[in-house]
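One structure is given here, and the rest of the page talks about it.
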Amino acid sequence: MKEKVVLAYSGGLDTSVTIQWFIDKGYDVVAVCLDVGEGKDLDVVHQKALDMGAIESHVIDTTKEFADEFVAYAIYGNSMYEGKYPLVSALSRPLISKKLVEIAHEADADYVAHGCTGKGNDQVRFEVAIQGLDPTLKVLAPVREWTWSREEEIDYAKEKNIPIPINLDSPYSIDQNLWGRSNECGVLEDPWNKPPEDAYDLTSNIADAPDEAEELVLTFKEGLPTAINGASYDLDDLIIKLNEIAGAHGVGRIDHVENRLVGIKSREVYETPGAKVILTAKHDLETITLTKDIAHFKPVIEQKFAEQVYNGLWFSPLSDSLRNMLKDMQQPVNGEVRVELYKGNVTVTGRRSDNSLYNEKLATYTNEDAFNQDASVGFIEIFGLPTKVKSMLESGVKLYD
Amino acid sequence: MKEKVVLAYSGGLDTSVTIQWFIDKGYDVVAVCLDVGEGKDLDVVHQKALDMGAIESHVIDTTKEFADEFVAYAIYGNSMYEGKYPLVSALSRPLISKKLVEIAHEADADYVAHGCTGKGNDQVRFEVAIQGLDPTLKVLAPVREWTWSREEEIDYAKEKNIPIPINLDSPYSIDQNLWGRSNECGVLEDPWNKPPEDAYDLTSNIADAPDEAEELVLTFKEGLPTAINGASYDLDDLIIKLNEIAGAHGVGRIDHVENRLVGIKSREVYETPGAKVILTAKHDLETITLTKDIAHFKPVIEQKFAEQVYNGLWFSPLSDSLRNMLKDMQQPVNGEVRVELYKGNVTVTGRRSDNSLYNEKLATYTNEDAFNQDASVGFIEIFGLPTKVKSMLESGVKLYD
Amino acid sequence: MKEKVVLAYSGGLDTSVTIQWFIDKGYDVVAVCLDVGEGKDLDVVHQKALDMGAIESHVIDTTKEFADEFVAYAIYGNSMYEGKYPLVSALSRPLISKKLVEIAHEADADYVAHGCTGKGNDQVRFEVAIQGLDPTLKVLAPVREWTWSREEEIDYAKEKNIPIPINLDSPYSIDQNLWGRSNECGVLEDPWNKPPEDAYDLTSNIADAPDEAEELVLTFKEGLPTAINGASYDLDDLIIKLNEIAGAHGVGRIDHVENRLVGIKSREVYETPGAKVILTAKHDLETITLTKDIAHFKPVIEQKFAEQVYNGLWFSPLSDSLRNMLKDMQQPVNGEVRVELYKGNVTVTGRRSDNSLYNEKLATYTNEDAFNQDASVGFIEIFGLPTKVKSMLESGVKLYD
Amino acid sequence: MKEKVVLAYSGGLDTSVTIQWFIDKGYDVVAVCLDVGEGKDLDVVHQKALDMGAIESHVIDTTKEFADEFVAYAIYGNSMYEGKYPLVSALSRPLISKKLVEIAHEADADYVAHGCTGKGNDQVRFEVAIQGLDPTLKVLAPVREWTWSREEEIDYAKEKNIPIPINLDSPYSIDQNLWGRSNECGVLEDPWNKPPEDAYDLTSNIADAPDEAEELVLTFKEGLPTAINGASYDLDDLIIKLNEIAGAHGVGRIDHVENRLVGIKSREVYETPGAKVILTAKHDLETITLTKDIAHFKPVIEQKFAEQVYNGLWFSPLSDSLRNMLKDMQQPVNGEVRVELYKGNVTVTGRRSDNSLYNEKLATYTNEDAFNQDASVGFIEIFGLPTKVKSMLESGVKLYD
């Protein structure tokens, strides 16, 4: 009996060639294609996998699961790798890995395969996640293994009658899901080059964005957005809606040189219009609903969680604990945030909450002031005491003798 | 002989009333007014202090010292309190305190006074800084002590022939220096209210900003900006220049509900056009010039330093060490950053450096690739080993027996 | 009707005087005495409060609740303030505060009082905890308020026929509970002085400890000790048992100059024999049951939790989240630890667990080795790549061109 | 001309076989043996390298350099990997690497080699350090490459007339230097086994240690020990002296299951008698000489530095910055610490310093008290305000309306 390999199949050239390559090596290929919110035509991909010779073809719309079980935690955690990258691809890899493992179990396959190269983060994310879910599965990475040049790959494809995509000469390498779109390669490889307009797809150029600001009121419950201007949405639909609205205003372009897990710096261009709006608004809502103690400590948890996810460690005890803590901390994050989208800007113009810890009577400088200013005298004396003692020591003054 | 008090004098109503109040109490008042880059007319203030009855009036332009000895560290440290506030007022307080102490020593005064209320951060910053510099000085805070309502203060001023400013009915409380402008009070005290246009002064409304993007190339040496489009400037002049240029493009408005040191949340509106450009560009330059290790650890130092400064602990051994470390880490931050200012946006469109750690040969996906993809196999095996062992334990699989 | 005050009553001189002082001021006093594991004779204290004039006297044995709801988290969190102090008194204050508030509600009292001075941490812990549980309660601190010298207090006591304790001339100020005993004052106030033997009570001098080591095997379930040498105990009983056993071996003396919340350094002597054994053994068990990721990140959570508790912030959203996370992380901490108690030492001599992540086949240097040493080559190449790129830049070598 | 390889030569079997193995492969071998304080007989090793066929043999006593340039920073940083391991071997690897590179440059060699296996940390430390110093050097690891079993290695040695050490049947793998001794393998590989006495060499069993305590007074200057009982020593000599004194008292045994960089857990036994005394005393001296701010933040720097060193990243910009900061923070750490060594215990019994921030007048509970207890009232009100506001919100109480 042939060995069986479950392959993460995108419908693109690399993974189509991979099916044939596995067949050449004597494997039966089970193709799996997931929609994580990029709006793929799953029927076409399903048929293509079979056409390429796969013995089974699975296509699954996991958009909702992706939103609820993965993106939600990125929202709880205001997740930004290196302060810039909202973990677009990094969030989808564990979900895809989980589905691959499930199908490998159903299909009784010993092998799982992905189409990543040997210099990116995604190979690590897939392989570590799959091992974390089932350590007996063997992971294959044909694209890393075959070491063909682009030309050699195309020659092989032609020889095997694998259709060559029309946009093959695109210089870019793109990944997309509900939470955004990433782009690298081509002219972007020189970090001094300005990204050309064709590097972008989800967002308008600011110059072309409407000349009128658009005001939105976002409602949040326990840290997640639930409504736009009073209309309720499931999380996945809400993000899709915001991608459209905010993308039109030129919101959410990111140009970042980031430190990959595999030791190199890489220049990436991201578009995350919906994420930008949600994270900006939610973070602002936290300023009135979280205590100072939490507000100052949560970034430590956030940074660690973002690193774990970026590094492919979604399935690990530490990530479990971090997710629990982030969700825990979001219980009071309820309320409304008013934002203006305008020429690339997301400007918060107001925030309110039944859980607000902002106390106008304590904050006001009017004669309604309820703050006891006398207390400050004692506070400052004690808060400043260590500084004073240090200063006494340095100046040789002995005040208390 | 009368007791002598050195007073931080701004020329405004509060500190003018303070001079008279001290005279009533039997003190001789030495008035000190510093320009920290807000462009005060120092001659006018100098004369006014004497008119109010001060026995000495000192006016000092400390703009350059403020830039070089205080703002520079905020640039090294990408300083943002709670991720939003670039420490505008918090940076000037230690400098003002230092000058007050110096003049107290020259004038042989036992008392130093400031005009802060009893519910803000600045009272703490002044008092702790002054004690940190000379623990024998006594600090007085008349505005906190007299507990007058606004009306009572005005009645007192009229009775004592203290001139009432024309803009007295401004609802706002404003502080300004080279690094930006802060505004609070009035309609801003309700965090749901959108800040009205008259809350802003240094920045254009985005709608009124030019319809053409403006491109700038900033040069940095060891973490500090030294030139705009090739023209060299001293740091203070460069910031002033950028405040003008970027302010016109609507860059640098911040609307933030922040956690004060004295236990309350307060809504603040800031304008920091120059700071926004410099920090955006410098942070981007760090992405190619700092190692990953430093890039991931520096934020820990940055956050602690911002807290120290916000909390008035500029003069302390920890702050000294943090400043040394931040400066130390900026040695390789040299190079150029190209930014576009446009309708409120500061967009980095390119960065380059002789110290760049970005290696195009390692990063590229062309056939010039120098990255050894085979090494990834071993890397992933070892990087993923703890996850695999955990997974083995959970699933009861014993792979190595 | 008289105002009613609920007083934390210990039976000692200060709080006995306090009852009378409140009566003088026209209050009705409700006395509350809690046993938190120090083995007080509650009947005696109960009667004494009534003798002193309290209108109600409540005595409550909260030892079990103290162990299960408070000390347990200190064990989960390996809690040590400044790496030395296992939070003895700091752990009992929130429990006492909670009971005071409950009784204030039952008794319909508007006031709660404690007997702390104005320079320690405990005043802060009581007042913040009580406000955190019921912000309408007013907290009184008579000992801080009356500002008597020791002599004046005794004169007052004599005048009011309040019995003076025999050990009044003890120079020490002591607090004790299940988790340990703290001691300060007297000759200890000079940090160069060696603590005299009479400063200790729960532990033998090492010289007097047995000349034979005693071996114990401790069993842990989800981070808590459940058995000694196979005999099961409730947590409170187990700690009491270990205090006796380990105290006899001279285990658990701590001599520490610590930074108080109120700005001063203070020299404290602690005895925590049971805590020392439990924390040493549990921490060791974590080395085989926690992943490296958790082992390296948990100290961040631990340190923050210890600070929160030390600072009296037990009842706060951040402390809630930290407690949840610490407990969460302890799920795999099951197994046995063998320790030797001997002349002040607690030496772990073995640890084992069904959850052990230590894999002898991977660790061994015998020919049973299952570790793939070839993988190290790729791992080192990628792990070392950033260093190599930096080194290339510094030396001007261009390896990849 | 033959290729030349510079080999880190210890004189033991592995590296002696390595010389021959390189000769077989056609290399000229330059042997380098360093004494890092373990007291090797360098003459013997020098001759042995030549006997084995090395074309050059270098032996260098780097004990002083090791103490002053490497161990000193471990003292500044109270360095403990995972809170237990004082970085014994990890500290010597960068020094050895540096010397290997220097000699490679002198000898005009393209290759450097070490005798480490493929599953430890040391291979990483050598290879990353060497690349960090000269990225053009190629590092060879014969023991990792030849993949012989122990028996095969011995057969090869016999065949080649390489002398077999008498203690070859020792089950342990040992590394030693000035800062301590590490031991692994054999019966220690089962973490439940108690380490047998023959696992130890530098320390007495507690049972055999003297029945009398020995008191020492250590003097520190800027964080480093400079004298014992008033007698001054260079750092290396002082450590050697303390190793003897404290080792005799059974001080400094460590039994630790640690997380290696290469993904596995490993059980290690360390002996670090001098380090234990120095770090205990120095850390205690910090309690009176460092401000609270530094005392609470320095552990963050310490932990990061320990990880960097453990992970072989001594030569990196981050490690440079961390070293500078740790040294910077030690300027006030001057004074004396009195310790008792007794039956495995290092007990600090007193500490004093001209830089002491402990202020007895502020700390005392006698009538000399200079602490203003009134100030606590205001302090607590403001410190507790956020808790009160949160509590108001939760209980629905509106105190300020």
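Labels for the chains are A, B, C and D, by order of writing; each one numbers its residues from 1.
Here, contacts are C-beta pairs under 8 Å (C-beta built on N, C-alpha and C of every residue); 3 or more make two chains touch, one makes a residue touch a chain.
Composition by chain, UniProt nomenclature: A, B, C, D = Argininosuccinate synthase.
Just so it is clear, the structure is predicted and the values come from calculations on it, not from any experiment.
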Inset, instruction - Please identify each chain that touches chain B as well as chain D. - result: A, C
Legend entry - Contact-richer chain pair (by C-beta pairs counted) among B-C and C-D: C-D
Inset, instruction - Could you grab the centroid distance between chain B and chain C? Build each centroid from C-alpha atoms only and quote it in angstrom. - result: 40
Legend entry - Approximate Å spacing (C-alpha centroids) for the pair chain C, chain D: 31
Legend entry - Residues within chain B bordering two or more other chains: 259, 262-264, 291-293, 313, 316-317, 356-357, 359, 362, 374, 376-377, 379, 382-386, 389-390, 392, 399
Inset, instruction - Quick one: which bits of chain B touch chain C in the complex? Just the residue numbers, please. - result: 291-293, 355-357, 359, 361-362, 370, 372, 374-379, 381-383, 385-386, 389-390, 392-393, 399-401
Inset, instruction - Note which residues of chain D are touching chain C in the complex, please. - result: 82-83, 117-119, 123-124, 127-128, 131-136, 144, 147, 149-150, 173, 184-185, 189-195, 206-207, 213, 253, 255-259, 261-262, 264-267, 283-284, 287-288, 292, 295-296, 299, 303, 307, 313, 315-317, 338, 342-345, 347-352, 356-360, 362-367, 369, 371, 373-374, 376-377, 379-380, 383-384, 387-388, 390-392, 395, 397, 399
Legend entry - Of all residues in chain B, those that touch chain D in their complex: 259, 262-264, 290-291, 293-294, 297, 300, 304, 308, 313, 316-318, 320-321, 324-325, 328-329, 332, 382-386, 389
